[in-house]
């Protein structure tokens, strides 16, 4: 059969963002894949060098809106590590809350898009409708549906009063039942299973070799979660499990994400229960000495690492970050080997690609 | 917290190096090593790979910010089961060659492609890397050249926009009337 | 398909979840970060807002006649991050929850918050002077810029001070970092 | 003779094909969209939305891809619409319209039926876009897949109706002996027909040739403006044909009273059929892979239709 | 007759989304606006289309990066006239936080005529809907002028 190649992207409906794939096709089977990146390269690392430490909080938040809390949070952690700032105890819990609500919404969006890619629009709408509960939390507590703007150097910008707390508790309670129901649907629904089981397999061996992170790694059975291995904020005070699956296919990654979303609800409730009273931000502006520092966190898509080098001025000498998706792209070559055309968007979506993160 | 020298998790891996060991407020471990030359990276990389380290990220920067074609530094971050080891190597303007780590860490590929195009660094021990992000229209080494340039022209477009705004918006009447 | 059919049946019973907007009203949370607003009677003209603004949305220029400071915030480049509100020492900038900002292209450059912060007049000589800090300061300065220093210096120097204040270098070896 | 031609002309241009089929088709599409919206907890568009869409499309400009064969590209949607209009004229409506004499043969219908699909294939291949190409190859596969159970279903009905091959004969048989829907032997065939509807309409599990997320709407990708409107009209008429045929084959029940009772009654039956086979199906499923869909048709609808065929043959 | 029919044209605005290098916040919000029950733009007759050839209202997000510029302009050309363009989020309007970077070509109105601006970072779905309604009005006006 003749081989021909089709372009996927860069402006393609199945891709939320521009990314260009050249796929070699034989009949309906994929024989080769070439990834061409750079359409969302905005030169943000050079912008970060031209902005002061405060402006960079907002700049890093605009890296990507789906993990928009992880970026400023980790950036602030890097600055705090460098400047030796100990953030207030209450702020630690508030950071976890912001992190988890974003994880919940981001993972739901991903599994929703998965339903959308298989054309199951009613399921997609149902997932998004459940996600609206999380969006309401974000809008009601933080003031925006995507970019929370929760972090600042040395703590957090927002606080939770009694009114907000009771709003949060009712919303979280309301989320629980639909979340369990969704999990059952993704686990049991014959149609979803038919399309996702055994598709896009990434064996554990390759996952380790390629250094993939986040739900992609955990879907392949690697129990690595920064929240557990190198806890930050208040994660060492909270209980949760590192979710893994062993089948290493599209379905396992979706199930890992859904279970983590369910965990996020319980983590937020734990925060509400255990959060001490007190200030949320120190009452002085930070002093940033020269030096270098590293900070890591578990973004919805996996390990996020920030490297900061300061020369003592009010702008960083170098700010570099590596996003989780950056590590997962190459795994597509293995996942897509001999798959069908219809599975391409499904597999791409299963690594939860964040292109704006990757290309900065 | 103060640097500790005992019970460092890094001693076992790099016994012959001076690893500075620090911890953050959550008790996570960080190690910092300065290698004398790029060549030393290969041995260290091999050793880390044998130990089961995972490459997290590679960073390159100018030792003096915005200095074109000056001394550079490359920083490699490795994950050792929860601890982060940061390995730095110097790169001089005369010799921009750095050994590639793709043999030990498959995921070094994208990182190496990226800094090769952004900083014009040559990699030894692998094929010439293909471009990763940059449009063919943009020159390599953009980070060295265009950053100072854009910091000079910084705000050119911003300034233009603001001039339009100043031209089109006027102060409220009460401000004009008040004398 | 069985678990999902249950959801469909429930959907029919519950009826549409669509909100009335745009044919009716919609709910706007109190904390929503919408259009930013400046209260000129509280502004200290210290400039910290434009210092922390990543979008470069705030421009402050002294008026030609020296009567005061012109403040312009262009909504079309404002990221609605609220850092200006957070760092404003006088609670002069607030993020309202007004989100009705869409406009036609012809209004692109006029979609601004424009205010004039008039310098108070000296009761004795009639000269303009800087806003009196003790009257306007409401929540204390965020940061270590001392109150006394702020009162003695002019707006330009204030901005410089707040910008330069954190770059004093201090060498120590602490949390997750090393010196080089 | 001349009378017959006039008769046929009216059938194709006004009723039950032509204007009537277009109007009811668009209206049914609107109701389908509302029904799906309700299943998804939405309000949905106004019922006349498909009409607004057609009006809107007629005001847009036509863009022909540079590499496309312009004539084929422009003719394909017209051919599809014509084909579906002819089909609409051929299917009789019980108690209202007995079809064009001597032309309501189920096999003629079977061939005419592939015209809309063929127009998709032509349009897709003429546009020379790679997605159009994938879309058209998928359309072919799907067409082969659903024609097998369709053929078996039609045969089963024909055999059960005492070897009647004309549709009005089948209707007449059922009027005399009770509708096949209530006949246990024919229920498998009815189920097979229920699955054939989404297959030929390309929805739900079988929204494969036009999969938006995979091949960017496949064959119709390059169409714009009035030409796209023709495709929309074609699909509306096709929907009516499939529904009319379904009612004619399995439930041509008559109410006492004339045409003004039986026409609304027929439309109600069509609506019920559509809500089950189109709206509910569209809302409750996603799409299959093309190989899965092919296997699906070979397995379930075909075997169901064969069961009926065998039953009808043995109990003759 | 045709003139009368044109009064209904704006009741069927089909939307097409172009991402010109955005952080995907606006895109997620656009997807939310367009597809979920709570906002249900289908009430306004809107439909999301996958092909630029079917579009009436173009929603553009992102600051227009160098690499994506050619593509965006080409896709924009593929949209049949009359078309109305809505800039969603501050990036296409002014470049937002990315302005003055070496790989940004924006603001968008340097290359593409914009009709409606919806500032926000990202704007909430209701604001996007407001923008779409404004775009419909402009479209209506333009159609009548042509006729």
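Lettered A, B, C, D and E in written order, each chain numbered from 1.
Here is the rule we go by: contacts are C-beta pairs under 8 Å (C-beta built on N, C-alpha and C of every residue); 3 or more make two chains touch, one makes a residue touch a chain.
It should be emphasised that the depicted structure is a prediction, and the values quoted were computed from it without experimental measurement.
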Chain A to chain E, fewest steps along touching chains: 1
Chain E and chain B - chains in contact with each: A, C
Shared interface partners, meaning chains that touch chain C and chain D: A, E
Result of counting contacting C-beta pairs for C-E and A-D, higher pair: C-E
Where chain B and chain D are represented by their mean Cα positions, the distance between them in whole Å: 61
Separation of chain B from chain C, taking each centre as the mean of its C-alpha atoms, in whole Å: 32
For chain A paired with chain B, centre-to-centre distance based on mean C-alpha positions, whole Å: 22
Separation of mean Cα positions, chain C and chain A [Å, integer]: 28
Multi-chain contact sites of chain E, meaning residues that touch two or more partners: 37-38, 40, 43, 50, 67, 94-97, 99-103, 121, 124
Residue numbers of chain C (touch at least two other chains): 1, 4, 8, 11, 16-18, 32, 54-56, 74, 77, 79-81, 174-178, 180
Chain B, residues touching no fewer than two other chains: 24-25, 28, 30, 32, 86, 133-135, 142, 146-147, 150, 154-155, 158, 161
Partner chain C, residues of chain A touching it in the complex: 51-59, 61-62, 80-82, 84, 122-123, 126, 129, 136, 139-144, 147, 149, 152, 157, 181, 184-185, 188-191, 283-295, 309, 312-314
Interface residues, chain A side, partner chain D - complex: 4, 6-7, 12-14, 25, 28, 115-123, 125-126, 129, 191-192, 194-195, 340-345
In the complex with chain A, residue positions of chain B that touch it: 24-28, 30, 32, 54-57, 59, 61, 65-66, 75, 77, 79, 81-84, 86, 105-107, 109-111, 131-135, 142-143, 146-147, 150-151, 154
Chain E residues within the chain A interface of the complex: 18-29, 31-32, 35-38, 50, 62-63, 65, 67-68, 71-72, 75, 96-98, 100-104, 121-122, 124-125
Residues of chain C that touch chain E when the two form their complex: 16-19, 21-23, 26, 32, 54-56, 74-81, 99-105, 107-108, 111
